[in-house]
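The following block contains the structure, expressed as structure tokens.
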Amino acid sequence: MAEIVSLAEAIAANVHDGDTLAMEGFTHLIPHEAGHEVIRQRRRDLTLVRMTPDVIYDQLIGAGCARKLIFSWAGNPGVGSLHRFRDAVENGWPVPLEIEEHSHAGMANRYLAGAAGLPFAILRGYRGTDLPARTAGVADITCPFTGETLTAVAAIRPDVAVIHAQRADRLGNVQYWGITGVQKEAVLAASRSVVTVEEVVDELEPRPGAVVLPSWLIAHVAVAPGGAHPSYAQDYCSRDNAFYVAWDAISRDRAAFAAWIDKHVHDKVPMPAGGQA
Amino acid sequence: MTYTSDEMMTVTAARVLRDGMTCFVGIGLPSEAANLARATHAPNLVLIYESGTIGAKPGTLPLSIGDGILAQTADSVVSVPEIFNYWLQPGRIDVGFLGAAQLDRFGNINTTVIGGNYADPKVRLPGAGGAPEIAAACREVIVVLRQSRRTFVDQVDFITSVGFGDGPGTRQRLGLTGAGPQRVITDLGVLQPDPATCELVLTGIYPGGIIAEIKERTGWDLRVSADLTEIAPPTDHELEVLRGLLATMPAAQPASEVAQAPQGATR
Amino acid sequence: MAEIVSLAEAIAANVHDGDTLAMEGFTHLIPHEAGHEVIRQRRRDLTLVRMTPDVIYDQLIGAGCARKLIFSWAGNPGVGSLHRFRDAVENGWPVPLEIEEHSHAGMANRYLAGAAGLPFAILRGYRGTDLPARTAGVADITCPFTGETLTAVAAIRPDVAVIHAQRADRLGNVQYWGITGVQKEAVLAASRSVVTVEEVVDELEPRPGAVVLPSWLIAHVAVAPGGAHPSYAQDYCSRDNAFYVAWDAISRDRAAFAAWIDKHVHDKVPMPAGGQA
Amino acid sequence: MTYTSDEMMTVTAARVLRDGMTCFVGIGLPSEAANLARATHAPNLVLIYESGTIGAKPGTLPLSIGDGILAQTADSVVSVPEIFNYWLQPGRIDVGFLGAAQLDRFGNINTTVIGGNYADPKVRLPGAGGAPEIAAACREVIVVLRQSRRTFVDQVDFITSVGFGDGPGTRQRLGLTGAGPQRVITDLGVLQPDPATCELVLTGIYPGGIIAEIKERTGWDLRVSADLTEIAPPTDHELEVLRGLLATMPAAQPASEVAQAPQGATR
């Protein structure tokens, strides 16, 4: 049964140095506030897993929390590069970053295998590309019935998954809707899970398109209104597109980045919409 | 009405889409073209985004492949594993739209690294995203990107997504079920694969286009099709609708640069 | 794009002698009226696929439509045996019936593989049981990463899938909710699909828990109000539990069965609730 | 209050379920026991049915594993492939409840064919249903069935679902992740596997039970545990709640017979 605790308690209880951590949310419902708490708690040597590392992991990487990144598309959506990610890969700043890269279909199936308790999943993918030679966990596999060659990808089993949802009830059952991404698979694949929510309600009345994760699947729930910003929570708040653009300048410069993290993460000075510090 | 070469490119891409087709759409130029087609000659075009939105009908151009407007207007929203496994992989999608950082004469695409080597590249790009499997599985692929010697290269530095590999027979050997890149639409014209050699050749130019200039902006010895056609300029209606769509977007996008433009396939 | 036609037209256009036919619906939304139409059109040599053959396939088997049954649980739920199924297996009446039997998890994954365009799926299943020795499409497979032995099951790709749904819109988009079973996978795995619906509406307003299948996935939609009876359609009608019990006596006797089929299927005399003929 | 041996069996099965457990429930006796537990000492018991209903809270006893009341009261309803792949297979479920047509001394279960051979059996049963994977993956399995020489056999005619195979080490060798049948609850008593041999031995009898009679109704030489305990009779409260639950069911069920009782695991 999920316990409802503060975000600081939830992260302290579940995210430890050296863990493999998956923070998911596909454009929608990205758990940014939980990411900031990981930075505040100065976690180190994390293996970060995420299909689209995005601004959330640019921040964790720049803050020195990660030693490895497992991903399938590392950009600032609609804007350009992730400068902290590139600085870590290209210059080892602030610490060297090992990478393991896949395609979206491959990553989605790696989570799926983890969720299903299987050591691998199969797909039609990667064939003919230069990816298998450069990444772990991809292998050919032969169909025992047709002889056809397909691709096997190794399961991802994070130590901990962190997601953001619209709401939970007082028992810790979690409900989210809109673009639901790969969060269910990430939670099911992980050993333990933390969910931040916009609000706790008495009853989760059914919603079209909603996924409900039962309380017994989750370790801790924490209330973090607006905790997806600059991502969004459908029917609660909108995507702060201007912030994504502003991040380009903030993250280009190591000092500007460090100042931003100090102010808005460590000192928790709220960000105005659009990210102007 | 006067128009830019980017507008010519987007309109040309939109015209390729026929009403009722299913189209796996990436953000940026592909999304502009697909939404232009839906707003003009192809009202029943089915837009599918990798965020899991099937049949999205955005009234404005989305800024990301996961905008709320896509979920709100979709016929169905499915999970990310499902969109790849049940919808893309089996070859149900007619057209996949891809961008690229580099493209070679066989239509292979690089969105991973440029220069140096993999471990120590000159430019680290965002990576694969949905592109490898879009390139493999859609019934056909359309690549949209601006043409230059830097982007149109003899051989890509990294094969992120397979076009025709090293020529005829590669796709069959690899078991790639779709027909591959049947059109590359640029700001200078249209390239299509030679049926015999799979090499991309120039099959369409825009009004006023000069073949020598197009060859000059291609990193291989570009051949010109015997059936080269001139593509009609954008109609006033096409331009008005396209500009109307673009006007609904926040003006927040920075100028693109090599490291920014190629966002895998679909962002 | 799905065309909305009569049930007779939909079945005639899609179900041919010798086809592999999957009629799905897990307790809920079983397409009984469509099954009756297949009997009325006197289709022969069908390979019938269904996780729980149930009363619907007892009727098709007894009517002589099938030469083979692929299934995972062949009983009358909550009641007992399927007597027409047993008579065909044990006595070859009215025609011999070949069987290929699996577990539920295996069948679900066989559909899943078909839906995903893969030749097989993997699961932890069948191991140690006597099933693999007696059934096609089950094989050991080794994980290329861990060396662990798992089970592969061959994809099911029916020629045609038939399901029942609560409603469709005028474009042929289909919506169903409640227990959603394996119908999405059956439709996605099949070459063509027929959907019977309780009603056609102007707009499919979103419903909690609803699956929407886009029109372009489906060949034909036919209106068949109450078309799931004695199964049910959530929010439209209830399960006729008494009919399932009554079926036991009807189906035990070849003549009683034949008379029932003549009257209620060929002559279309409506069945009263509870199945009293 | 007086009670029947079936009521004693159902009450005994219900008592095994602890509050907050997750329980994969089949229809019939398992469903009665699980709903009795939820209505008495285990209000937070999580009922999971193979129809995809997770956390169902039926106020009345469902007649099938797919009754509307299960979907209406569930925390979450998922597809049938998902319930098996994401919820059962990874070993998330504490207890799986199975029925059987035949059960052998190692807890192996037959719900497929009895007598003759596979192609020409004496009795054709419904088959596997969800049972093989429930038996493999749940943290532990409870089998509930009425005891007789016909049902409790030395060796099953067909292994539909594996208990302990042919003895110690079989489950490990097969990679079956759950602990297997830890309790067989009958109308005569409770059998549990001997930790050393995996053979089912009598560990519990009901008030007034006679060991010689129980052995007589077992198809192998049943051993009796040194720690044999007598199980307390149903309390008035347990009986009242159980009878109340059963009273909500239509009285439409015919008498069971060999060919009817064993509906795989979960119907």
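Think of it as A, B, C and D in the order they're written, each chain with its own count starting at 1.
Methods note: a residue touches a chain if its C-beta (ideal position, glycine included) is under 8 Å from a C-beta of that chain, and two chains touch if they have at least 3 such contacts.
Predicted, not measured: the structure shown is a model, and the values here were computed from it.
Student: Taking contact as defined at the start, I'd like the list of chains shared as neighbours by chain C and chain D.
Tutor: The shared contacts of chain C and chain D, listed by label, come to A.
Student: Pick the pair with more C-beta contacts: B-C or A-B?
Tutor: A-B
Student: Centre to centre, by mean C-alpha position, how many angstrom separate chain A and chain D?
Tutor: It comes to 41 Å between the two C-alpha centres.
Student: Please tell me the distance, in whole Å, between the geometric centres of chain A and chain B computed from their C-alpha atoms.
Tutor: 27
Student: Find every residue in chain B that makes contact with two or more other chains and list them.
Tutor: 85, 89, 137, 177
Student: On chain A, where are the residues touching two or more other chains?
Tutor: 116-118, 123-124, 148, 150, 184-185, 209
Student: All pairs of touching chains?
Tutor: A-B, A-C, A-D, B-C, C-D
Student: Sort out for me which residues of chain B touch chain A in the complex.
Tutor: 27-28, 50-53, 63-68, 70-72, 77, 79-81, 84-85, 88-89, 112, 118, 120-121, 124, 126-133, 136-137, 158-162, 165, 170-171, 174-177, 250, 252-254, 256-257, 259-260, 263-264, 266-267
Student: Which of the residues in chain D come into contact with chain A in the complex?
Tutor: 20, 22, 46, 54-55, 75-76, 85-86, 89-92, 137, 177
Student: Please name which positions on chain C make contact with chain B in the complex.
Tutor: It comes out as residues 1, 115-118, 173, 184-185, 188, 211-214, 216-217.
Student: Quick one: which bits of chain A touch chain B in the complex? Just the residue numbers, please.
Tutor: 26-28, 51-52, 71-75, 77-82, 85-86, 89-90, 101-105, 108-109, 111-112, 123-131, 134, 148-150, 178-182, 184-185, 209, 232, 234, 238-239, 241-242, 245, 248
Student: Using the touch definition up top, name the residues of chain C that touch chain A in the complex.
Tutor: Against chain A, the touching part of chain C is residues 116-124, 137, 139-141, 143-146, 148, 150, 152, 154, 206-210.
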